[in-house]
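Chain naming follows the written order as A, B, C and D, and within any one chain the residues start at number 1.
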Amino acid sequence: MSREAVLNLILAAGFLVFPLWAWMAEEPFLITLATRAAIFAIAGVGLNIALGYGGLVSLGHAAFFGIGGYAMGILASHAQTYTPLLEWPFLVEGTKSMPVIWIVAMLASALAALAIGALSLRTSGAYFIMITLAFAQMLYYFAISWPAYGGEDGLPIYVRNGFPGLNTLDPIQFFALVYALMLATIAVAALVRRAPFGLALNAARQAPERVRAVGISPYRLRLAAFAISGTITGLAGALFADLNRFVSPAMFSWQTSGEIMVFVILGGTARLFGPVAGAALFIALEHLLGGVSDYWHVFLGALLLLVVLFGRNGVVGILAGQEARRG
Amino acid sequence: MSLTLLVEQILNGMQFGVTLFLTASGLTLVFGVMGLINLAHGSLFMVGAFAAAATAAATGSFLLALAASIAAAAAAGAIIEVGVIRRLYARDHLDQVLATFALILIFSEGTRWLFGSFPLYLSIPDALAGPVTLPGGIRYPLYRLMTIGVGLVIALGLYLLITRTRLGIRIRAGEADREIVAALGVDISRLYTVVFALGAALAGLAGALVGAIQSVQVGMGEPVLILAFVVIVIGGIGSIRGSLVGAILVGLTDTLGRFLLPGFFRLFMDNSAATSVGSALASMLIYVLMATILIWRPTGLYGARA
Amino acid sequence: MKTRNLLLAACAAALIAGSAAAEAVKVGMITTLSGGGASLGVAIRDGFMLAVKQAGAKDLEVIVEDDQRKPDIAVQLADRMIQSDKVDILTGIVWSNLAMAVVPAATAQGKFYISPNAGPSALAGKGCHKNYFNAAWQNDNLHEAAGAYANQAGYKKSFIMAPNYPAGVDALNGYKRFYKGELAGEVFTKLGQKDYASEIAQIRASGADSVFFFLPGGMGIAFLKQYAQSGVDIPLIGPAFSFDQDILQAVGDAALGVRNTSQWNKDLDNPANKAFVEAFVAEYGRLPSLYASQGYDTANLILSAMAKADVKDADAFRAALEAADFDSVRGAFKFGPNHHPIQNIYVREVIKEGDVYTNKTIGVALENHADAYAKDCKM
Amino acid sequence: MAEPVLAVEGVCKSFGMVRASDNVTLDLRPGEIHALIGPNGAGKSTLIEQICGGLEPDAGRITFLGRDVTGLGTVQRARMGLARTFQISALAMEDTVIENVLLGAVGAAGGAFRFLRSALRDRAFRARAEAALEQVGLAEERWMRAGDLSHGQRRALEVAVALTLSPRAFLMDEPMAGLGASGSQRMTGLLRELKAQAPILLIEHDMDAVFSLADRVSVLVQGRVIFTGSVAEIRAHPEVRRAYLGEDA
């Protein structure tokens, strides 16, 4: 087994052991913290498919995170007020069922990612960064000024949505659910990576003209990658909304896009478990440094800077080193 | 709606655009020459504003405050170029984004550490206070007219700098190929420090000029940064001319959109619904503009064709 | 000298309080201490902690955390305070959107939430809760007072303006609820907008006799400076948020003479207020702001309830809070049926005292004013 | 005479005032190696891009396998069986050799929208890739990263990727460039083998290789084909000697 595989196992196990320990020690907040990190990790796993594998530097993934969040918020708010979502042309009721919400969230973000991707992928480089940001900003301002679902005030959901057979209000059970989804999305990412699709996507990042020359369109590869990426980030958004029992336009803000990107880069771009390491480290830092000083952002900034300047390939890169990958 | 009001709004749009140009020009210069995405540009804008406010409070002189804003931002720019930025030129955009994002955190909270959480006072000098009457009976604030003037002078200055001076030749050569420049015996790293400090100084000056009619507070840089990026992307990254055109386009679109859209929706909606829909659309308008332009021309208006 | 007496008195009060409630009460304060909106959170915290210090209450433990003005961080902190720190009472949130994220869940878990600032209408009307108290105002209150003041001042044609987000919409609705004249124009600006040339031109062209605006924070600073430069001299009215002690210094001359509405001012003539202003200046070396006064009142409200009841006895403690038996710095203060204040709202004018810009109370806009949503509240 | 596999007829392309392709006509017949030579700046790269579909000609037409492909893009022409190698190696340098070759196998199978199975474990893909590596002599290096290969090995890898496509025609852009004498020799041998699989349009500077491999040679000067003929005819042609071989004597 390569060093990276060992590290991945340790990360996966650590992510499970820590909340279990917190559960035994009756520190429910630490479980919540771990849940939060796991959700951000899912968002990062999503972005990593576009950014790490496809080389698509999207500064607009908050769009999908937010769409996922609002899918949950809208469905659940209609369910809690017993008002139908749509009466015409056919009746659509809200729902408090997590699986349904997840599917809607993923479908909605997949469609949005297809639309945004189809337009944005006409550009490249810094222009791509900025056009994805532009689309997220449009949704941000729309969400702020759209009064139906709370506008800037956001939308509180009073009770966490349900999952058959589980009590989702119990922190450890909700964590277990999120953890399982995190592993599932990582498995999807691994599958995508090793499949012919991932092989071609990876090649398209490095040598698009070569991919074209073997009869594969890089544009379509990238668009599909962007859609898969947006779908997973959308799922994370729905989970995040359920964790907080609240959605607001802040989920669409460019800072959110930036943070998801930080998780990926901090952990190690294009590394399977990079987003997991990045999100865990970021949340841990936020938690530990936040208590030290009002000005803890200075230390966070300095630390990020050190990682970028001296630790290429993020945390996973530092720990696992540069190893040739094997499919 | 009177014609005078429309003309005044167009003037407002121009003025807003020129202020945007002040911030965007430094960003596009750095981006064009070094290929660097500098998210911390907004922080340099803030440094300029804070330096100006502190100097104005200490000396009472607006001119000294402007000088201080340029000096402080240029110094901050030179320091971060030597300390951090120059290690990023060879890296990809991702590392640049992350590192300069980290710089934002450090600058913002560092400034709050030094100056506290409360907004600072910075106002325009008495000589420039109040409105003047323009031909056609429009009363327009003198300071805003002056900002338009300063912006245009800087645009001209940058144009001359790049086309007519030795430094400009080196900058253009550096854009083309840094190895050629190095081969010509130019100290490329000093050149980059100078260019970066120049970009920072422009941002600092913009911060002081804008801060005097807006507000000087921590966090003032980020909204400006986003707008500046919108401008340079519309104009085509690296093109000074593009950033001027882009800035004025964004300024006009934003100002006229805010002004005209609610009225447009009033034609077929009730008053308060029109106001709210119109304003919502107006706030998204510049991003719609940017996306449309990029879809039409993927490298901006004056960007190099891929 | 005076401060010391006050402290002694507070200690004595604390001793009495200590005898009534034996167990320490834990208060979790979630407020904005970093980033752009930090000045408000800092003021609330400083006011609150001043009251705690004055009371010398040993049985009160306050945990202060920074929410960075992000709803998700606020929720996370609330979860932590409830789950790990086991707080009894939450307070501190500055912004309506953060309050909406935290309050419903916290009160549903049986915790008390005392708001020192935000008062969204959803929490005052249908969404009210027996464990939610607002010690500041319902969001619409100051805007309603501005509308009432416009009538008193004889304005017939107002131009009204606010950012396009729920609090902005509420502001304009609040103003219109009391204002009886006609509107010369109604404009929603972009949230966070810093250039108001376009709006000022519209104001000039509108033929209005008064301008009502609600632009909190940096937006207000920018608008006031630009308005002063524009040569338009239509009188301005606004809620106190843009004329707060901490902001005024950054606006300077541009704010002089502007009338604004507030439930508090530093010159309100009551002993509690005099003592508060003096103690605040002595402690922090600056004049207290509106937010500081609200933080101070919030703390004193909690202390007054602690003196009467044990926080573990929720019903008794709630009754003690409802009584609001403390000396508010705004004078008379009581809660309405939806746990929002019934209080006077004053009209203030911005003046310059020596080198310091501040406000002077010039009249009362609304007396014993309650909010419009109380009737929808069913507890 | 057999129907040509690839035909360029009267193709013109200008960039501003520069005529990069000036009424170019040439064809590639089954079983041959047709070499295209010309000095730097003669318009070879522009012509290749037009044949591959990266650039659209201003006038003229290009047919491949009897079909007019002038309006088709690179991807479609590649799918029809036009395989090219690049002058400057265009490989996924971070990936292993086998992954680079697998890419060709994936392309040949008609698209990359397969998600479920690992590309490396897919028998059909793997067999095709291994065969190509075997043929160019890179089987031993299959787990090396492309970026760690020597220059000559990269040139061979380029050819291997083209091979996996089972093409109907090869278009090789200076496969000998930068190879030493022994490297050139090996590549020459390889191309001679490939000719049996599909005809090769060979753009090359290495005259020894051209003269030993080519069945026909076309000379491109200033965007025009000034001569097409056998190796012997080319050697003898005075205009070619003057224009291209630079012999003014």
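Just so it is clear, a contact is a pair of C-beta atoms (placed from the backbone, for glycine too) under 8 Å apart; a residue touches a chain by one contact, two chains touch by 3 or more.
Please read all numbers here as calculations on a predicted model, not as lab measurements.
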Shortest walk length in steps over touching chains, chain A through to chain D: 1
Intersection of contact partners for chain C and chain D: A
Interface with more contacting C-beta pairs, comparing A-B to A-C: A-B
Centre distance in Å when chain B and chain D are each reduced to the mean of their C-alpha atoms: 49
Centre-of-Cα separation between chain B and chain A, whole angstrom: 32
Whole-Å gap separating chain B and chain C, where each centre is the average of the chain's CA atoms: 35
Per-residue overlap in chain A, given as positions that touch at least 2 other chains: 141, 144-145, 147, 295-297
Residues of chain B whose C-beta touches two or more other chains: 108-109, 112, 276, 279-280, 283
Chains that touch, pairwise: A-B, A-C, A-D, B-C
Chain B to chain A touching residues, read off their complex: 31, 37, 84, 87-88, 93-95, 97-99, 101-106, 108-110, 112-113, 226, 229-230, 233, 237, 276, 279-280, 283-284, 287-288, 290-291, 294-295, 298-300, 303, 306
Touch list for chain A against partner chain D, complex: 191-192, 194-203, 206-207, 209-217, 220-221, 224, 324-327
Chain D to chain A touching residues, read off their complex: 52, 54, 74-76, 78-79, 83-84, 86, 90-96, 99-100, 102-104, 106-122, 125, 143, 145, 161, 164-165
Contact footprint of chain B on chain A as seen in their complex: 51, 57, 59, 119-120, 122-127, 129-131, 133-135, 137-138, 141-142, 144-147, 254, 258, 261-262, 265-266, 269, 295-298, 300-305, 307-309
Footprint of chain C on chain B - complex, ascending: 2, 4-5, 8-9, 12-13, 15-16, 19, 108-109, 112, 117-124, 129-131, 139, 141-144, 210, 212-220, 223, 255-256, 258-259, 262, 271-272, 275-276, 279-280, 282-283
